[in-house]
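Input: structures, listed below.
Note that chain A is present in both complexes that follow, paired respectively with chain B and with chain C.
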Partner chain A sequence: MKENKKISRRKFLGLSAGAVAGLAFSPSIPTLFAASKKTYDYSILPAGKREYIASNCAMCVNKCGIIAEVVNGRLHKLNPNPEHIKSRGMLCAKGNAGAALPYSPDRLKTPLLRTGERGEGKWKEISWDEAFKYIAKNLADLKQKYENRSTVAFASTEGFQEEFYYYLVNSFGSLNTVRHTTLCLASNIQGWSSVFGVFPDADLLNAEYVIMLGADRAQSLITPDSVNFQRYKPEGQKLIVIDPRFTVTASKADRWYPIKPRTDQGFVLAMINVIIKEGLYNRQFVESYTHGFKDLEKMVQDYTPQWAEKKCEIPAAEIVKTAREFAAHAPRSVIYPGRRSSFYSHEVYVRRTFAILAAICGCWDTKGGVVPRSSIKLNTPEVSFPFFMQTRDRVDKESTDLLKDVVPSSVMCPMIGTGLPEDSCSFLSERDGSWLTFREAVLNDTPYPVKGFFCFKQNPMQSVPNTTKTIAMLKKMDFICVIDMQMSDTAWYADIVLPHTSYLEGWDPATGISGINPLVEFRQPVIKPLFDTKTMFEISGGIIREMLNIPSLWDDIEPDDLKNFKEDVVEGILNRPIQEYIKTQVSNYPGALEKLMNNGFFTVESKKPTYGATRTPGFRFKTKTGKIEILNERYKEFGLFPLPKYCEPKNFVQKSGTYRFLVGRTAWNTQTTTQNIPYLWEIEKENAVWINPGEAGKLGIVSGDYVWIKSRVGKQRIKALVTEKIRPDCVFYSNGWGRRSPWLSRVYKSGASEAEIIEDVLDSISGGTCLHETFVSITKA
Partner chain B sequence: MGKKLLMVVVAVCFLFVMIGSGFAAEKKGNQRKGKYLFRKNCRSCHIDGASAKALSPNSKTQAQWDRSFKKYERLQCVDEWKKLSKKDRADILSYLYNHAFDSPTPATCG
Partner chain C sequence: MKRKRYAIVFDTKKCLNCKACTVACKFENYVPVGDDSYRLWVTEMPLEGRFPVLRQEFRPSQCQHCENAPCEKVCPTGATFRTAEGVVLIDYDKCILCKACMAACPYDARFVSKKHDAVEKCTFCMHRVSEGREPACVETCPVRVREFGDLNDPDSTVSRLLNQRAYYQLKPEKNTRPRLFYLK
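Entry: the complex of A and B
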């Protein structure tokens, strides 16, 4: 019998934390961590000690490679890293402006405790010790009072330090976490995964034909896609952009179709109709790898190009042409998955339809198609947290009877025939939750009261639709703690605000970035911290250590669990330098740490792009049947339409004098985080609403006029931009303006906030928000 | 107007029923406890570098997890299984099953 080689809990940690514990005293570590700061002598540059330090950007989600140029200890400039395989020598306006971030006078510089009413702006500076004690005491009080750890909710967004935020979450034991995903791409992930089992990337570097629906890759930057589709696109690649707006991406396209909003699914269904009817699909691929093609064939018979023309307001002949071209270039044809998909209530079906088009043409896991992502596995310590008895299930899972407020009849599709509500079932990612259902649950104290709120890097006051409800939610809290770099609009309503170290001043753990070309990144300080700030690693450690001084916080766990927790999590990780943690993470890859220090990233040879691993006989996809599910068996089981039927609200007519509100990004701002950064503020000082000239004429509005834009939930004052670049039936402005925090001094009350006017409408399958389901009226201010 | 309102009420009721049915496909054990127990009792062997094959929920399909739990007496580590109560095993299975390779648990955005 094989020896039962068992790794004890401590020994297991020894593989990770323990292994580096020895190394902590080795002279090689500080030497290695110091050696990366190469000093060059460029005689043409001004005199001074000039260092070039590799790290990675954090001005948006992309994490592009940067080389910081530091002169005499001050950050002089951020340059792109030409060797970086994801950003490929590109650093955008936001990335460049990061150099101004540490020195911004509006940064939070020390912990602040509220002394006046919430939102009154009266604060006193306190020490970190005081802050940690205050927070731990409040956590203990909340647990004592409500006898449920999930009464404290934790919001956060992506970022390298987020994993340490979860150390705090798991050490307290709440299950109520809510992330940005349902404000962004939850429906996209769900839609594509319902067909292929995973959410893929597009191989734009090798595609011959690309269709982008509603994705503005030239403005809403995603690396490597934004770089690839412009700078490195192969000769002859055709780009078709389908969008109600003439976006910057549309200006780079071969053809632009100004589609009627909410009808993208119809366009693609008609393409599928043509491709099947004319026998242009990939028969061999369909037979070998897919499930449900015959059902699809039957279902799309009615979705003719002529039918779609009426829905989409795009000529049938153009749809036919696009379908034939797509099929002719397949498998090197991409229907672009894109990123944010928080558009409409039926968005999961829109994205399912995109995925099915890719599937029937065999544009899967092949050069120039859509390709499953690969990743590099790190040796990140797997730690166990205690099992807390006083923890109830998530509120957004238990509170589904509140959804009537966020699934209004105006977005419901007929019960018999097509669409919602037969399609109503939430698939929630555990950490992500669903912002809208979470907020409804809190507002209604159902199924239980949520009375504590932590928020790391997220800004729900600006990012979650219907600000009035967000304010009401915050008012229900006994305790609010916000951790951020600046006084966000949410921080303004907090009880305690903790200043986070900038990405240029601290260490961030190694993090795998999945993709066609996967890599591992980290961050190292390029300058010394300027203020009394801490990273989430340090903040979690500080709060947890104080929590350990309060016995009532640990009275619902096994005594052994507490002992193990202290040894493994506190002593083993949080009480040690983060560099040891990083060293452990990359310990499986010889030379990886040196590469991180010198280049800011590393990759491994075996992860170079390969295609076709899933196109082998017998490959099992992450679906119920193990096949690519054109007909989704799981949806059928849950009572959802298993096929991508066209979804639209019954008898919907847009009221005269109203416009569908669209929101999006510019290339120089990230959500709500960058508007106040000095260099970026120089580019844009307030946003403006796009109005079609015909409509503007009727309203007597010219560019530069201020207007009121009003929905059912709020109104905002904003400057008008009269432009042919938008259809007459909708209006648009960019996100992140109309700020409520006076400490964002450059942009306070400048422009209009989208969250104030967008109605809170739920995509009830993915739990996502629907940011394009609001109609507004416009009047001259 | 009344008919319209009735339609909405019926639709909303239907919606709740469907949501309930969606979750009904999950195993009913305490998956949070299951995760804790799995890490405490199973991962010590079923991890890279130990004697047994590394295992996580994603390692098997739902059907495979079901089979493994039904026939655990054939496994080498049957003695370890016997230390667990029936409820513990059910909790561990619900964690593994609900997060299995072919489970509907969606990916997230990191």
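Entry: the complex of A and C
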């Protein structure tokens, strides 16, 4: 890519030399050298006041430490915080580009009320006062009309202000909330927890042997792992990458196996087969801490490396080698949990299998293995919200037989359990909800109509598979309110859009971040707010205060509840400066507030990594038996297969001329939020679909051609990138492109959206989406 | 005090092709967005091998701060010059935008800056270095591909790395004697 740019720079020189030379004598802006050659004046910053303010990045989920360099009140640059224990002194492309965010002409600057049709793009600027009144009135109307507070659904994504969004949710009393989790890592959490009771981190700093399946830590940045796996790689550590794509991470690996998609579980089961057959597992650990090993031993007998070779298309000898090496380095061997696991319908079982491999080799809670996270507890005020009578249970819990559509027989794995799909989602995490189940329920008005939709910094139009259904879902709404920093594709279809303050202009509450090295972060303003924006703390306060003026919104609660609510929540928290809330949060750690102000984070000595707290006799894991459950007893109760039996759809054949669609990230974009930032946009102006050269040849496609990529639910036009980096049976592009909001001026309609073509397929155990269960055809455009 | 000889040593094998360095440099040095405006770049080296045995490296680069700098030689006004530490810089006031240096540079490290109305390029972030801070691209990198330091100090990281490891330089045939070193 850069090579081309270099050529174009040369071209520029040749073509425009005469024209540009004329500029030479126009007055130049701050010069580098005013002084003589002997004493250079290197300064490039304008004269005046320079400040360095510590805070934390919010450009993605990682929350890396930043030191903002502010000159005369204007943010010049975001520097990494060298002392930060999570980001370890780095700041990625997105983190750097955050410095442009407050000044972006495309950001939302004032509340907007729709005046035309939905999606027509006609807006009227209104005041916050009007906005709060309008929203409170709509909430009251919805409650009145449907007599059920859960008729208003609240979507949000993680972030420090999200806890105040829940103030609004709980003050209205809806139980329908949907978070990003089921689009991302729900199955990962469920799978690992089903074995160890918790979701662990990998101790990459001390591991001798690391296997990463489907995780691209070089491009999909997760701190500290993305830093540790190269910068602090211990001498001699081996990295095995198993991925249908030759990712940047694969390019760093000692060995890369281009596995056939959807068969990772088979690879790991065969490793378990070898390790048990050859007696390479950790007998003592297995006996002391695990439940169900004998059953596993019996079950894996058929999963030989030869069997797996046929499934995974990786030579049996390589699987045997990997198994022996993994066992030889145990317990300093990591099978990497990673993060996003929204891949396949049996993903929970894939992740269970990973966890079981770690368990039988004793790579648990020990140096160089997978390690439970610890966290620092804050003194966050516990607030109680009124108990509302007119509140029904979540729709994705009650809706039961709507799921045929989202668990098509083509992906049903019979052995996952006969109880499904009628079981709905067996292990749904309350707040997270399940996006696909939720949307099905809304579309079918079952078990009751959902008619209001709030959306805080989530963008379901781009992030939830099958956009056609998302549009249909939005159409069902009487009222849509979106709170964001930019006009997202979802905001474009809203009735009212509220501009959120950027993370560089406001205060964010203290938030604990768990990990092998836990810490507490917060955010403070590094510059004064530039526009008439508010934080969620202020927005919730504003809406709730207006709600209190409408008696009908409080007619289904005990009067005492209302009184306490007014005192505790409204007077006690929302009507006071957020700084007081932060002070209370960290009040049990002396000096914590100063540390936050000076360094953006703090940690506590006693939370330095200690290994082995769970490897003590009598320790109870958070599982039914209190043991590490190779055989999961609760799964048995739910009618799910309790062992990690290999899951594949019955009689599945990939039709010729179709490709499995894979999606992933680049290091310079976060989901759908950053593509429009000029400094990132110039790195990649549209995405491209990776196609293997053999297949491209058959289709008559060369790099740079535009192609149509078509699935059962949609089609997109996109540029082709013909590359050996991908297996012939799949294609790939990065997410966040092909945008529908014209206000994302640079990326509107450029590239292809993944949500438009990915079919909505549910992982019915965790409620997760399966982003890699779609087959597409490709034709030249 | 011994005179400093500044240099950057790259361990490109670690490079994630994440572009943090390119974005950091733009903010730090007021380099505007634009395909022709950049002080540093990260090249995707050609993919080697055939599926499924593949290899690929990513190679960041920038002005080499040549000890024998062609750009300096051709500059008619003396705008391009080398400091005592060997950092090649441009006095924007003296630049007449004749672009002789751009044509002379074998590394294509220079471009016309709209901000300065002059040719510009990597300065080794001397405004930071003079305050005891690291260059922006060095500091922000997740995996620490670059180390910046003084070749005249035997204990500096750059000196130690060059003593311990084999290295190469770009376009040695041009006899420019770059101050950028790439570890093998």
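Worth a mention:
The rule is simple: the second predicted complex is superposed on the first by the 723 of 781 C-alpha atoms of A that agree within 3 Å, B and C clash if a C-alpha of one lies under 4 Å from a C-alpha of the other, contacts with A are read in each partner's own complex, and residues count from 1 in each chain.
Note that a contact is a pair of C-beta atoms (placed from the backbone, for glycine too) under 8 Å apart; a residue touches a chain by one contact, two chains touch by 3 or more.
Owing to the predicted nature of the structure, the values given are computational and were not obtained by experimental measurement.
With both structures placed on the common chain, the touch criterion links A:Asn176 to neither chain B nor chain C. Once the two complexes are overlaid on the shared chain, A:Ser429 sits against chain B while remaining clear of chain C.
Of the two partner chains placed around the shared chain by superposition, chain C is the only one that A:Ile683 touches, whereas chain B remains out of contact. In the superposition on chain A, contact of A:Ser156 is made with neither chain B nor chain C. Residue overlap on chain A between its contacts with chain B in one complex and with chain C in the other: 1-3, 5-6, 8-9, 12. Taken in their complex, chain A has these residues touching chain B: 1-9, 12, 15, 61, 158, 175, 179-181, 184-186, 189-190, 193, 197-199, 382, 384, 387, 391, 397, 400-401, 403-404, 407, 409, 412, 415, 420-422, 424-432, 511, 620, 622-624, 626, 634, 637-640, 764, 766. Taken together, the chain B residues at the contact with chain A in this complex read 4, 7-8, 10-12, 14-16, 18-23, 25, 32-33, 36, 39-40, 43-45, 47, 49-52, 61, 76-77, 101-102, 104-110. Residues of chain C that touch chain A in their complex: 13-14, 16-20, 22-24, 26-30, 33-36, 38, 41-44, 47, 49-52, 54-58, 81, 83, 89-93, 95-99, 102-103, 108, 111-112, 115-118, 123, 126-127, 129-130, 136, 139-144. Residues 1-3, 5-6, 8-10, 12-13, 17, 20-21, 23-24, 26-29, 31-33, 37, 40, 42-45, 76-80, 82, 89-93, 95-97, 99-100, 218-219, 221, 223, 226-227, 230-231, 246, 248, 250-252, 256-258, 667-668, 678-683, 692, 723-725, 727 of chain A are the ones touching chain C in the complex.
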